[in-house]
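By letter and in written order, the chains are A, B, C, D, E and F; residue numbering begins at 1 in each of them.
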Amino acid sequence: MRILLVNPNMSTDMTDTMADIARQIAGPDVDVVPLTATRGFPYIASRAEAQIAGGIALEMIADNLSGVDAVILAAFGDPGLRAARELFDLPVIGMAEAAMMNAAMLGERFSIVTFSPVMRLWYLDCAQDSGLIGRCCGVRTPSSHPADMRDMRTSLRDDVIGLARQAAEEDSADVIILGGAPLAGMAKDIAGDVPAIVIDPIAAAVAQATAMVRITHPASFARRMRKPLAKPSLGLGPALTAIVAGEQWF
Amino acid sequence: MRILLVNPNMSTDMTDTMADIARQIAGPDVDVVPLTATRGFPYIASRAEAQIAGGIALEMIADNLSGVDAVILAAFGDPGLRAARELFDLPVIGMAEAAMMNAAMLGERFSIVTFSPVMRLWYLDCAQDSGLIGRCCGVRTPSSHPADMRDMRTSLRDDVIGLARQAAEEDSADVIILGGAPLAGMAKDIAGDVPAIVIDPIAAAVAQATAMVRITHPASFARRMRKPLAKPSLGLGPALTAIVAGEQWF
Amino acid sequence: MRILLVNPNMSTDMTDTMADIARQIAGPDVDVVPLTATRGFPYIASRAEAQIAGGIALEMIADNLSGVDAVILAAFGDPGLRAARELFDLPVIGMAEAAMMNAAMLGERFSIVTFSPVMRLWYLDCAQDSGLIGRCCGVRTPSSHPADMRDMRTSLRDDVIGLARQAAEEDSADVIILGGAPLAGMAKDIAGDVPAIVIDPIAAAVAQATAMVRITHPASFARRMRKPLAKPSLGLGPALTAIVAGEQWF
Amino acid sequence: MRILLVNPNMSTDMTDTMADIARQIAGPDVDVVPLTATRGFPYIASRAEAQIAGGIALEMIADNLSGVDAVILAAFGDPGLRAARELFDLPVIGMAEAAMMNAAMLGERFSIVTFSPVMRLWYLDCAQDSGLIGRCCGVRTPSSHPADMRDMRTSLRDDVIGLARQAAEEDSADVIILGGAPLAGMAKDIAGDVPAIVIDPIAAAVAQATAMVRITHPASFARRMRKPLAKPSLGLGPALTAIVAGEQWF
Amino acid sequence: MRILLVNPNMSTDMTDTMADIARQIAGPDVDVVPLTATRGFPYIASRAEAQIAGGIALEMIADNLSGVDAVILAAFGDPGLRAARELFDLPVIGMAEAAMMNAAMLGERFSIVTFSPVMRLWYLDCAQDSGLIGRCCGVRTPSSHPADMRDMRTSLRDDVIGLARQAAEEDSADVIILGGAPLAGMAKDIAGDVPAIVIDPIAAAVAQATAMVRITHPASFARRMRKPLAKPSLGLGPALTAIVAGEQWF
Amino acid sequence: MRILLVNPNMSTDMTDTMADIARQIAGPDVDVVPLTATRGFPYIASRAEAQIAGGIALEMIADNLSGVDAVILAAFGDPGLRAARELFDLPVIGMAEAAMMNAAMLGERFSIVTFSPVMRLWYLDCAQDSGLIGRCCGVRTPSSHPADMRDMRTSLRDDVIGLARQAAEEDSADVIILGGAPLAGMAKDIAGDVPAIVIDPIAAAVAQATAMVRITHPASFARRMRKPLAKPSLGLGPALTAIVAGEQWF
């Protein structure tokens, strides 16, 4: 099985961390192919950035589809998720949506803990878009944006534990999602200090991607009635142009 | 990995069919342990039956927890799901909920197709309970209850294809869930005739059970704040009595 | 008129208190028949317990249906309510649902005050299930579970008044429901100290049971299209077995 | 017990029919005091008419409050309900709301059947306002407005039975509400021909009014925090002027 | 263009202030015709008052329709809005609804700031009725009702700035609506001190009224299928009587 | 006043038609500046296309902001709306959202009529995103995609009238929105044949853009707390790069 891990942020460090976790979860039989955006933003934190980065993600997927069984959009907030799912004939998994679906299968209510107040509303919008807002107790964040985006897994450790405890104790969350790529890998560091089930979204996304591949047949995706009509375009990369035009690209 | 497949219906035929599918999806490294209810109902089709069968399922799980990593409630409608999830310190997956979560990760909207109008409202209630009712296009069924519950996979083949096509064409479903244990295994028979992605709930449940085991740590479940308080009881089996009493049973 | 008051908890003290209140509300023309569970739990406080106790309640009802005009499920949280309503051909009233419907007919918004934080989420789920969550301002409780479950009507008096005042002043509740059997009878003790209408759920349930009997015809229940299909079963008591099998038991 | 039955329509025939039913349900111990509007509309069928007739109903109530224990707004659609409930210190019951709350205690889902397509949207708005829209299967009506508003209980009998059967069979309603004063009394005529529980709203309203009186204390209403502030007014009748001004009128 | 500005409160001072703002926004080509209620209440602050004042507003509109292109209901809370919209063949704009629709076109989420806690629930109900409750972050008010209703634009200035800042900072509002006629004109005084877009509802209502006139054709209103049926009435003013009777009044 | 009319489709014909309507509605004092996308798609009909075209629209806006007072996204479906609104310090109006907000101020319920079944789900998603789905009666379309996209205003005239009549008669719509740029200008052609108010979305968008400019102060937009943090980027046009970087571009 071959899974494309598409980081629509320009941070290769983040991609490397996420690819490591992905490989641990996916096991040796799965080929995880990480990609990092070469244009766009260092990290995506707004709808405006997600609008643009989502388009970049579509190009990245189209350019690398050959032999791929599933795609992971490896940015919490899932830029381009619905567009990609509509366009490509294979499972496309978003980190945020996968984490929330998982959380809803593990407990009654989940909370999201993340690294900056800047992300709060966007993540709530993700919960709304997934349909699971009724099972979400909210998003907890530190009170200010971190001065340094590097190495948060260490610098924010105590803060994140505190926020997760509050989510369990005050918001009644059974499950805590650690949202945002900078917290990737942190779930297992802190699980022992949190009275709830803690979820790492990249782990959730990989587990879901492999699950989706196992229970679907590739031909079904091509057979879907509700795909966009084929159409001409101008200015897209050659792979995406062909796919939008309804041509068999691979 | 060891997964308990708990059929709260008394039909061993159904259990056998579901166990076969489960093993195909789970692969050779997973030990699927099927259990069939020895009291209750031949098949569950109402809330009253689900109330009782859900209680029976709790006993079946408690009696067989040793060495188990995850539990599947193998009846569409998920009798006892929330109760089991609250009580036991491991992932508990419901067939209906798993199928709907999967469906929502594969497309915008899903429909459920099942074998009898009798199931319609209960399945809609499941969609409501999961939180995903807003992404559900409805439940399509034959107009009357089947005279013969056996071998529906053959006898209802054409009907189910017709209903699934209507769900895709008229209700705009991207994904079709074949609900109800009697349709287990049918997804792959009919996928080629349906212009949408077709999901087999037992396959979905197994894929989710293995996914949940991979991304969670067993100790987290025991650490949950939101577990029921330990308490005495009368008339339950010894294993369930111990678990309700907060004792370490295994 | 004969009303079955089914306490699915094993506490006869609670049953006695509730039966007294029921008789005061129902008046001399109504025969209130109290029943206490002889297996299950001392008091129900979780979904897991409600799953089991709801099944026990179905047996209790089936065994005592003769000559009965209506049934009250006398545990806030209404274990088995939907199942019983579907199965038996007479009005079945839940304490929580009746209290919330009453509250919604007396004011715009209601709050629930109860004796332990352990009950909070379950009661919110009841409000959700009833359809009236949009008119519910929340559930207020003491910050910890009471050390002694006996005589709360005295020991918690000041706490409950304080919580009810907060619900009126801070949450804008017009009506306060005192949830949970241990608070039965307390409404009239504290009404003078609360700037809102205070409701006793057992009083509400009795008033609703008599109301439902007066405005319905027994034959209508038997005529309902949406009853479960008759079916065989194994392991249920003889009365419940017969009713599930669609036989005329009385 | 003394109950004011306020018909905000100008039809005394309708008032008489409703008062008869009310007395049958209420029994000999309850004094039912019927009032008919002397200005406004022959029957209310729009929001514009309800806006005006609701104001008239407030005057009718204020002028007749002496010795009254509860008020029934005897027009399906409940003109002035929220206003009256806020203003007067006693239970105020609306026919539509009471019928829907009753219906929701008797079954999972209810439908409304009424005499004219003109009423359909207004009744749906009532279901929305009550909070129970999620349990309402819709409003079924004849395809055109009746040429003659008199004696519909006879002339529409077959139509109403047909619509009620459709609501049960096609919309899955467990309970059917016969909406609109012109259908008052019809429930018992047709119950034998409908495979669902049939509810007469005036009967429901009376049963609820007596229930509310039994479970509340009059002083609680006066104690409510959320009453409108006392204020001067111009042009209202003397009784309503006094009540709005926060004076003790009786 | 001629716009009727209907103040259903009896305060001519408020009408004058609102008419000034209306004329500034509308420009010289628009004839703003202010009307003040001559009966009813000094200011409307409850549902009971809105029930009555809404009826008065219908009379005021009917009496002054000649040559009018649009109507503004100039009381936040919009008493009589749905009734007037249904009845009259021209655009009818409510201050609260217009402000919320505007707010929703300027940002993701809006808050309402007003002068008294007494208004809070009514304004939340307006947000609910408009359909935009999901985009409303709440209503912030001073903790007590102002002792003096005059000159709040000066006396409440600092309070309102503080509340608006809290709405932006703590509730994440992009847009702040200053609700209630006493705050009319205040938006531009405080905009520089608030980190969000501040909206004056009377300005919003005027802007919407002129917009609606520009994009609709008067004949379309008369052609609407969903108007109330013509009917006789008793006790209404002659103009309203004629309009209710379906007669051409002008 | 200067309004940018941004057509993110590549069809200059459509832009010309929309600019004509815009100028008629806006009047001589408003400078309407039309822009047509020079890359992307002939017309946008899917989420995938909207993802990409929304990014193109951001570039078009950034490149032409000088002296502009408001922006209209001139494609029904509003690609890039939330992103643009967040990023740019002026009112940004979407055709679909503006039409729905207008419709909700003119009647209780609105329907959308459009030219192809392909658009149906996307338009429903727009209604959902706006918050007004509860007031939307649905989207009606011809049964198949038109063979020729040119001159639909003539070729689809009868179809659109028929669909609009059905929306009024069967779905109870008070207001009909003609969705999709190809139907621009058609509202006035057909209004006389439809028993409801008919809305042209480009007219609605222009009316809203001018309304928003009139009631807001430009400085308020710059002062918003909830703007994205300034950040570096790679590969965007110079204007957009500067704006994303928080620089004063004009």
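Criterion: contacts are C-beta pairs under 8 Å (C-beta built on N, C-alpha and C of every residue); 3 or more make two chains touch, one makes a residue touch a chain.
Predicted, not measured: the structure shown is a model, and the values here were computed from it.
K.L.:
Going by the stated contact rule, which chains contact subunit D and subunit E alike?
P.N.:
C, F
K.L.:
If we look at subunit B and subunit C, which chains touch each of them?
P.N.:
Chains that touch both subunit B and subunit C, as defined above, are A, D.
K.L.:
If more than half of the interface residue numbers appear on both sides, call it same; otherwise different. Which is it for subunit A and subunit F?
P.N.:
Both copies touch with mostly the same residues.
K.L.:
Please report how many Å separate the Cα centroid of subunit C from that of subunit D, as a whole number.
P.N.:
26
K.L.:
Report the inter-centroid distance (CA atoms only) between subunit D and subunit F in whole Å.
P.N.:
44
K.L.:
Two or more other chains touching the same residue: where does that happen in subunit E?
P.N.:
82, 86, 108, 121, 172, 226
K.L.:
Could you list each pair of chains that touch, in label order?
P.N.:
Chains touch in the following pairs: A-B, A-C, A-E, A-F, B-C, B-D, B-F, C-D, C-E, D-E, D-F, E-F.
K.L.:
Under the definition above, what is the set of subunit C residues touching subunit B in their complex?
P.N.:
It comes out as residues 10, 38-42, 45-52, 54-55, 58, 80, 82-84, 86-87, 118, 121, 145, 226, 228-229, 231-236, 244.
K.L.:
Which residues of subunit C touch subunit D in their complex?
P.N.:
25, 82, 85-86, 91, 93, 97-98, 101-102, 104-108, 130-135, 168-169, 172, 174, 188, 191-192, 194-200, 203-204, 207-208, 210-212, 214-217, 219-221, 223-226
K.L.:
Touching residues of subunit D toward subunit B in the complex: what are they?
P.N.:
Touching subunit B from subunit D are residues 108-109, 172.
K.L.:
Can you list the subunit C residues touching subunit A in their complex?
P.N.:
Of all residues in subunit C, those touching subunit A are 120-121.
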